[in-house]
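In the two complexes that follow, chain A is the common piece, with chain B as its partner first and chain C second.
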Partner chain A sequence: MQREKITNRILTVFFTVLSLAWIYPMVMILMNSFKQGTAITTASAFDPVTAATSAGFANYISALTKQGFAAAFGYTLVITLTSVALILVCCSMCAWYVVRVNNKFCKALYYLFVFSMVVPFQMLMFTLSSLADSMGLNTPYNICFIYLGFGAGLAVFMFAGFVKTIPLEIEEAATIDGCNPVQTFFHVVLPIMKPTYISVGILETMWVWNDYLLPYLVLDSTKYKTIPILIQYFRGGYGHVELGPMMACIMMTILPIVIVYLLCQRFIISGVVSGAVKG
Partner chain B sequence: MVKSLRKWWPLFLLPTALSFAFGFVIPFAEGLYLSFCRFISISNPKFVGVSNYVAALSDPQFSHAFWLTALFTVVITVLINVIALAIALCFTRKGLRGSNSFRTVFFMPNLIGGIVLGYIWQILINGVLTNVGQQLLALNTAAGFWGLVILMLWQQIGYMMIIYIAGLQSIPSDYLEAAKVDGATAWQTLWKVKIPNLMPTITICLFLTITNGFKLFDQNLALTGGAPDHSTELLALNIYNTFYARAGAKWMGIGQAKAVIFCILVICISMIQLKATQSKEVQQ
Partner chain C sequence: MAEIVLKNIKKIYPNEKTKKHRFGKKAKEPEKKSNLQVTDEGVVAVQDFNLTVHDREFVVLVGPSGCGKSTTLRMIAGLEDISSGDLLIDGKRVNDVAPKDRDIAMVFQSYALYPNMTVYENMAFTLKLKKVDPKVIDEKVRAAAETLGITQYLDRKPKALSGGQRQRVAIGRAIVRDPKVFLMDEPLSNLDAKLRNQMRAELIKLRHKVNGTFIYVTHDQTEAMTLGDRIVVMRDGFVQQIGTPQEVFNHPANLFVAGFIGMPQMNFFPATLVRDGASYQLKTPKFTVDIAPDTCKKLAASGVDAAKTDVTAGARPEQIELVAPGEKGAICGKIVVSELMGATVHVHADVNGSEFVLVINTVDFDKSKGSSFGIGDDIWFKFEPDAVHLFDKETEKNLIQA
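== the complex of A and B ==
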């Protein structure tokens, strides 16, 4: 028993040190985001901020006003919210229909959905972006239909997996009580599926919020930049890179994610686990 | 109920099926067809048979990217799973203080997007390289490769750790107590009780890391962009560069052919995964 206690103490110390190392990359960006542009060099990346190098909040203000971070944040938020809402509503309805009706067409469609989860984006990046262009789906307000199409695989798969476990009797009872299918779905099935909505919502949000290549190829990126596109543009763009505002942008990208994560940690972790185990 | 539901398909089925057709089925079929064509936009393809595939397979950059991706995938799969399982075993010990906060910290990098992660580590690694007097990432192949490995470890260990913890917690405690009563050492319990019961979880994690490694794009693009001279370019980035970074009409078709080959590779990995998980289920 004494040995157990000592091992636990050593492990606690070890993991405390490791945890600090784990968050160090983010702390480093935080420090650099408060430095003046000329003080940010590769050699001094690890130096703490001093009175001589401090820029106060100038980098943040510049990122928000001059570098277009506010607009990028807005676009990313709009795209994520509309896409995830659309995926949740449409895919859960589709999954319920596919499982319950279960005719040949539904079966074929279901296997196509599962197949689409495997296919890498590079396979259709060119044709998809051309198609989106010709159909006018290349604005932040319409791109959600593409996300619905490309994200449907995982969502339908996870919803269908859950619908299969719901006893048919519950829905039949609702029908006998006079519910039509729409009422049955929204009053009976939807409340039962709540945990799956949370899991799918978290997985799809993480994907859409961080997605780079799809919006980069589909959107007109001179007009609309999402956060990942903006950050890539800083480095890939032309001429002088303004490192200070870039660090501020990275910080402002990470911060909301960390806050949301700390607030709904339990849902996020269990959502990710159930997604992994089913996918 | 099913009968009355059937006629509601325009509401339940149509929105998703239509978006799926335009977002996946049509582009996929078109992409398959275009891999046999020479084209610069989808309106004017010219059928050229398998010559794109011949050109793709004889492109030395593509085979370099393939072997680099294979090596990279093996390295991260082994490292991530060993370290994540070791950490998960520590965190499921009785009486370890602070394991919940550690879990929170280790999982955090997962939520940050690949592009942002890539730049964070580019700044960090370039800082280290400058301070030890080495060449920067843009000129340093070895640092680019191992930098990408470290980045992936940092991002994915937390994720796999969470799945391993869930797996470990689902092992019935009777098994562990029985092992204790029989006088098994911690080492014996690990190899004879915990790991055999963890096999389904291990299979899931192995395939997650393998497919993540194979499909890696954002981190690769942001950390090195393939520099120096395509030497740190993985498959997905190679395909992207063939499409968009090379001048000349022939490259579009070759890029699409590469994408089809890439797609087949990923599908093969998934088929093996399916077989592996199914055979495990039979055993139980």
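== the complex of A and C ==
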């Protein structure tokens, strides 16, 4: 008992330090986003905001107005919403089919999905970007198909794990009650899968929203910038960096996703576990 | 209104399906049914099933697990393909008709309620799919809920109900459809003993309120005996006997049925049947039993002629009576175990190596207790006339034709 207590205390201290280390950069960005550009230097980056260095909301206003932030925000939003919606709809149906039909083709398909999680993005990014160009997938409106491909592995894996826990008898009852397979899916299976929808949705949202490399490679960056790309463009020519507005922009970017996460995190945990325990 | 005919229905699971899947095992596979016949085509789960279920009849399929009773029911429901044979509902062949068009309703062991819908929505779902007028749906759902006594739970989700209430909802979901046939797959197995007895009684009541033909699957012989107009006993895919509960109990077609129906089990012992003119005698090394004259006539009629035939004899524990020590024709055994069940005492007595179970009324047991009955004591008993069943040693068929 005594020993357990000591272990617990050590762990508490350890994880406190760890969480501080994680939250520290965010706090730093928050502080610096309120400083004047001249006050952000390597030496003074860790100083708290004072009356002398404070820029008020000037950085935020500058980021919002000058740099095409609104357009980038809009593009990111469109990409995130379409991609996540597509992933949720397609992958849940696919997982249901794969688990319930379960013939050789389906098994092969399932392992292919799992395998796609193992392959690193960097391995195929250059072939992918040229392919995307030639297929016309390089606009914010159809980049979602590329995201569907990359997101499908994890999503199908998680949905399939959950579908296996749904008793077959419920679907049989629906068949006898007069549902065709499509009705069975939308009236019976989909509502049961709701927790998994939420957790997959959050995971994919965070990924797509924060993704930098894929849009950078695929999108025509003279026309379309997503927020992660936009931040990069705060480094102007001649080595000039507008640090203040950049920090403000970063703050505004992470805020929505942090809020979404905090609101839904309890679903993530229950969703991941519900798929994992019974397999 | 609804007559179901099963003609030579057969179910074969192709061989490849019996292989073990690495994930996502498909339900109802014949994985552990080791006694099933395996042919080139695959494992035969149901063999030549012939049955005519009359309108408004209550037929119970009973048998040990893996005997094909659920598979048969699922074939009638349309959840399982029929490998060969014809299934007729009201004279129409429905082998290839989709489940929803067969006008059947099914109640599952695990209730299979839709967890995301309230009780009301669960019951209304099927009618909603058929695009029935909402007013009619409301009427029907409320009427069914009234019948089953679940009106106060209509707004609840299945999660908030107890097992018995859930099963009522599942039955309610079947009733609102007003189907020709009710199929029930072990609906009471998930309930505790007390609730099961209660629901069983309610099913009997319900059956008379609802017009419909019932086919009911169970492994519980009490349910089979109390509910069924007729019982179908199955084993390893073969139908063993079809008959009324009385027939099945009093004239089991073979050794298996005799052993399966009845609790505690029928006592079996090897014996030799000896014919002496018009009368027969049953001989074992320890005792001899005279066969009742009626039974002798039947035996003679069915042509059991050989002077000596080896048989397996059976006697139900309830048809054994205690007698005074040393009485003529009485059998003496040693008490091995004595279980007080309440109204009756189950006494296990050892006679020359074979164990007999006797069911004795607790009251009688106390009365005849001149000496104390304890473990190791001698007990004298006698079969009631007509109590003895005779089965062929080879074929295990009943020698006495009803």
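The definition used in the following text is that the second predicted complex is superposed on the first by the 235 of 279 C-alpha atoms of A that agree within 3 Å, B and C clash if a C-alpha of one lies under 4 Å from a C-alpha of the other, contacts with A are read in each partner's own complex, and residues count from 1 in each chain.
Convention: a contact is a pair of C-beta atoms (placed from the backbone, for glycine too) under 8 Å apart; a residue touches a chain by one contact, two chains touch by 3 or more.
Keep in mind that what you see is a predicted model, and the values were worked out from it rather than measured.
Asker: Look at A:Thr127 in the shared chain and tell me whether it touches chain B only, chain C only, both, or neither; answer first, second, both or neither.
Answerer: first
Asker: Touching A:Ile29 in the superposition: chain B (first), chain C (second), both, neither?
Answerer: After superposition on chain A, A:Ile29 lies in contact with chain B alone.
Asker: Touching A:Thr139, do we find chain B (first), chain C (second), both, or neither?
Answerer: neither
Asker: Of the two partner chains, chain B (first) and chain C (second), which one does A:Leu109 touch, if any: first, second, both, or neither?
Answerer: first
Asker: Examine A:Pro191 and indicate which partner it touches, taking first as chain B and second as chain C; both and neither are also allowed.
Answerer: After superposition on chain A, A:Pro191 lies in contact with chain C alone.
Asker: Touch test for A:Thr175: chain B only (first), chain C only (second), both, or neither?
Answerer: So A:Thr175 meets both chain B and chain C here.
Asker: Please indicate which partner A:Pro167 is in contact with in the superposed arrangement: first for chain B, second for chain C, both, or neither.
Answerer: It touches chain C, and chain B stays clear.
Asker: Does the superposition put A:Arg235 against chain B (first), chain C (second), both, or neither?
Answerer: It touches chain B, and chain C stays clear.
Asker: For A:Gln183, using the defined touch cut-off, is the partner it touches chain B, chain C, both, or neither? Pick first, second, both or neither.
Answerer: Once the two structures are laid over each other on A, A:Gln183 reaches chain C alone.
Asker: Identify which of chain B and chain C touches the larger number of residues of chain A.
Answerer: Between chain B and chain C, the winner on chain A residue contacts is B.
Asker: Quick check on my understanding: which residues of chain A belong to both its chain B contact set and its chain C contact set?
Answerer: Correct list for chain A: 168, 172, 175, 279.
Asker: Okay, in this complex, where on chain C does chain A touch?
Answerer: Counting only chain C, the residues touching chain A are 21-24, 26-27, 77-79, 99-100, 104-106, 108-110, 112-117, 125-126, 129-130, 173, 177.
Asker: In the complex formed with chain B, which residues of chain A make contact?
Answerer: 4-5, 8, 11-12, 15-16, 18-19, 22-23, 25-26, 28-29, 32, 42-43, 45-46, 90-91, 93-94, 96-98, 100-101, 109, 112-113, 116, 118-128, 130-131, 135, 145-150, 152-153, 156, 168, 171-172, 175, 180-182, 184-185, 206, 209-213, 227-228, 231-232, 235-236, 246-247, 250, 253-254, 257-258, 261-262, 265, 268-269, 272-273, 276-277, 279
Asker: For a test of understanding, state which residues of chain A touch chain C in their complex under the given definition.
Answerer: Of all residues in chain A, those touching chain C are 99, 102, 107, 110, 164, 167-170, 172-179, 183, 187-188, 191-192, 194, 279.
Asker: So in the complex, which bits of chain B are touching chain A?
Answerer: Residues of chain B touching chain A: 1-2, 4-6, 8-9, 11-13, 15-17, 19-28, 30-31, 34, 41-42, 90, 93-99, 101-116, 119-121, 123-124, 126-127, 129-131, 136, 154, 159, 162-163, 166, 204, 208, 215, 217-218, 221-222, 225, 236, 239-240, 243, 252, 255-256, 259-260, 262-263, 266-267, 270.
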